Amino acid sequence: MRVALFITCVNDTLFPDTGKAAVGLLRRLGVEVEFPLAQTCCGQMHLNTGYRDEAVKLANRFTDTFGGYDAVVAPSGSCAAMVREQYPHLDIENIPKVYDLSEFLVDVLKVTDVGAYFPHKVTYHPTCHSLRGLKVGDKPTDLLKNVRGLELVPLPGAEECCGFGGTFAVKNRDVSAAMCADKIGNVMQTGAEVLCAADNSCLLHIGGTLKRQKSGVRVRHLAEILASTEESAE
Amino acid sequence: MSGTFVGMPTFPKNAAKAVQDSQLRFNLRKATHTIRGKRASVVGELDDWAELREAGKTIKDHTLRHLDDYLIQMEEKVTAAGGTVHWARDAAEANRIVARLVKETGETEVVKVKSMATQEIGLNEALAEEGINAYETDLAELIVQLGDDFPSHILVPAIHRNRAEIREIFLKHMAGAPKDLSDEPRALAEAARVYLRQRFLEAKVAISGANFMIAETGTLVVLESEGNGRMCLTLPKTLISVVGIEKLLPTWQDLEVFLQLLPRSSTGERMNPYTSMWTGATEGQEFHLVLLDNGRTSVLADKVGRQALRCIRCSACLNVCPVYERAGGHAYGSVYPGPIGAILTPQLRGMDTPLDRSLPYASSLCGACYEVCPVAIDIPAVLVDLRGKARHTRAEKAGMAAAGWVFNRSKRLAKAQRFGGRMRKLVPKRLPGPLSGWTDTRDMPDIPAESFRDWWMREGKR
Amino acid sequence: MSAAAREVILRRIRSAVEGAPEAEIVRGYKGITGEPGDVELFAERVRDYKAVVHVVPRAEVAATIAGITAQRLLAVPEGFPSHWYAPSEGETDGVISTCAVAIAETGTIVLDAGPGQGTRAQTLIPDYHLCLVREDQIVPNVPDAIARLDATRPLTWISGPSATSDIELNRVEGVHGPRTLEVVIAIG
């Protein structure tokens, strides 16, 4: 099986540690993951902001780049959902099989215990596109429950949007901030040290607000927690 | 659509004001969370909900595909049953027809059952200009009308008001309201009962909308809770129903689907208290049906947007929407607020005003609306499609073109990342211009010295 | 004017849907069962709406109604079986009726202006409505009810007493319709 990593433009540029963690985790599980250098962006930002033609160009570029692979793994629910849910609406052909990281682990590799160690109190935000787009269900939390040392606490109102929404966060800054404030209120209620999600875009938004408020709660991508071991744990 | 909202600022500006209103936030949060729970529990009772939803969607799509045939059939059946059918291309024409029909009765007062179509066309205002007073009889509509306010929700137009505010409105504006009126919902409902009873008994003309029209039989269907609908539909001598052309269902059997979908999605009940169905002139009444286009046929012409015409006005999308919950209904500047309004209003009115252009962006695309929609309208997909049709600012276009240029060659992306990495210490804590929308409430992330792809080239691959 | 409007609207529709794909209706949901409805479920669902429900053998219906109406005088629509209730003359403070169909799953009673049901106004204006439902009139679900009903009759579907959810989206019983709904279910 030829497996490619689709890092996504946001992770590539701003969160390389998530990519490194995904590579380390997959290798630990015996997957020789490749990184096609021609990859850039799935086109979601353009599509969602109203630039369909630009998005179609990027979508075609994506299918060209990843065409030869049996599986494409993306550490982003929202970019994976863009390819799987939106490309068909854009009349894109030969769409490669794209999995969000948790789907690839649970559905393809059939593992829920990835041998990770992360001795912290963690709460999980499911993110809209993983939850309602990809419908990953309990896969991420099943993976977290098997992490040694990790105490998983449920997040009240988990299914509610954090208010990121791409350019929504800028175009409708006040509503976005109000949504984030409520999300953070729920996070604080859990008493967790770490907020985990499978999408760094949402974490950029929630994490940026948590940091501004000096809340003390850290954000970590699912890949980073799952990659963590006794030797590497924070 | 109605002129009442003309000249309103854009959605973000309206919403910015609304999120500061803590009373409004509290009222909306309480109400929408209550109804969310109720809906989820009664929908969960039906193990064939997914199949009902599929049937609802396909019945509506089929009807819309053959709307001309079914409208003609409806007209024949209503006429055969003693009713009169009128056709209205737009709001002005519909208002003229209704005003003329009322005048022909010699009456100057009419009672009204809550109807989105008549709000959309601004019927009450048009009738007032003709010297005809229209009295809203639905409790929430009454609260809005007495308070000289705008509706903010499809099902519960006064959702932005809590019991204490409603009591204030009644005490101030309701003739004969008891001085010691409490804010108990039961007492408020009783006050409305007393206030409207005489009006019902004396009214000679009633105006309604309809939830469904059955082409096969010529039957109209109105769902309601309070009994004001039954009062208006049965007591007055003349009944005028203004109904959007998309409200048709082909057969009587089709109703079995929608009478399961609508109450459970709307008020979170297994069934609403009262549903009235009548065919033509009933029990000695005179009956007029006004079939309303008012932009619907242009929505129908849009391949992606036409699914909005499946809408049965249940409000489930409003009740789950995190944006609606915080911005409130008034921010949408339309009688159709919330996610459905964000796709319906710009299609019905066009996107010529800054407000209407801003509506497709009034969503984080979280998908909660699509999930609960009983006729499976893919609201996020229509929003995205409308965003593609909206006019964009020059600065945004330039930015998006630049981003597209960078993303079209991986080498350009790598170069941009390296440049960003070198400049990372220079990124200010607060960004200028439109990007200040980001840094007003959030910290920027630390920009890494090295992108993932550079790390991969250096030591990642093996 | 209306004739022109009609032609314009129909023409607009035809040009709007030209070339659109045919849309087949998919009915995968539970349809007509053709089975008798569950009396206990019906009673429970009607009670959920805060209506008063009596489930009694057919032979005891008259006595039950007599008990309920000891303090009341009810109006009687034409065709109501007089062996169940025959009031004396006087000013009434409620109405009694039969029904056409009842739905167990939703706790709904449907009136179709048939014998014993009166006009729509007769069961609307009084503040109290006593409805008599025979066991054989109860069907399991909405599709069963639709199949039994004639669309061209004036129909009123009643699920509990008049109510509103307009104040903070909480259901409150009692606005314009009858504030008290009482149901007698005759079994056997």
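Letters A, B and C name the chains as they come in the text, with residue numbers starting at 1 for each one.
Methods note: a contact is a pair of C-beta atoms (placed from the backbone, for glycine too) under 8 Å apart; a residue touches a chain by one contact, two chains touch by 3 or more.
Fair warning: this is a prediction, and the values are worked out from it, not measured in the lab.
Between the chain pairs A-B and B-C, more C-beta pairs are in contact across B-C. The central chain of the assembly on a C-alpha centroid basis is B. Once the centre of each chain is set as its mean CA position, chain A and chain C turn out to be 51 Å apart. In this assembly, the C-alpha centroid of chain A lies 33 Å from the C-alpha centroid of chain B.
The distance from the centre of chain B to the centre of chain C, with each centre set as the mean of the Cα atoms, comes to 28 Å. Annotation for chain C: no residues touch 2 or more other chains.
Of all residues in chain A, none touches 2 or more other chains.
Chain B makes touch with chain A in their complex at residues 11-12, 15-16, 19, 25, 322-323, 326-327, 360-368, 370-371, 381, 384, 386-390, 392, 396, 400-401, 403-404, 406-410, 413, 417, 420, 434-435, 437-438, 440-445, 447-448, 450-453, 455-457, 460-461.
Every residue of chain B that touches chain C in the complex is listed here, in rising order: 27, 30-32, 34-35, 48, 51-52, 54-55, 58-59, 61-62, 64-68, 71-72, 81, 86-89, 93, 97, 137-140, 143, 156, 158-159, 162-163, 166, 185-186, 188-190, 192-193, 196-197, 200, 214, 216-219, 225-228, 230-231, 233-235, 245, 252-253, 255-257, 259-260, 267, 269-279, 282-283, 291, 293, 297-298, 300-301, 303, 306.
The part of chain A that touches chain B in the complex is made up of residues 7, 9, 11-17, 19-20, 23, 35, 37-41, 43, 45-52, 54, 57-58, 61, 86, 89, 128-129, 132-133, 159-161, 163-180, 204-205, 207-209, 211-212. Only residues 1-2, 5-6, 8-10, 12-17, 20-31, 45, 48-49, 103, 105-108, 113, 119-121, 124, 142-143, 145-147, 151-178 of chain C touch chain B when the two sit together in their complex.
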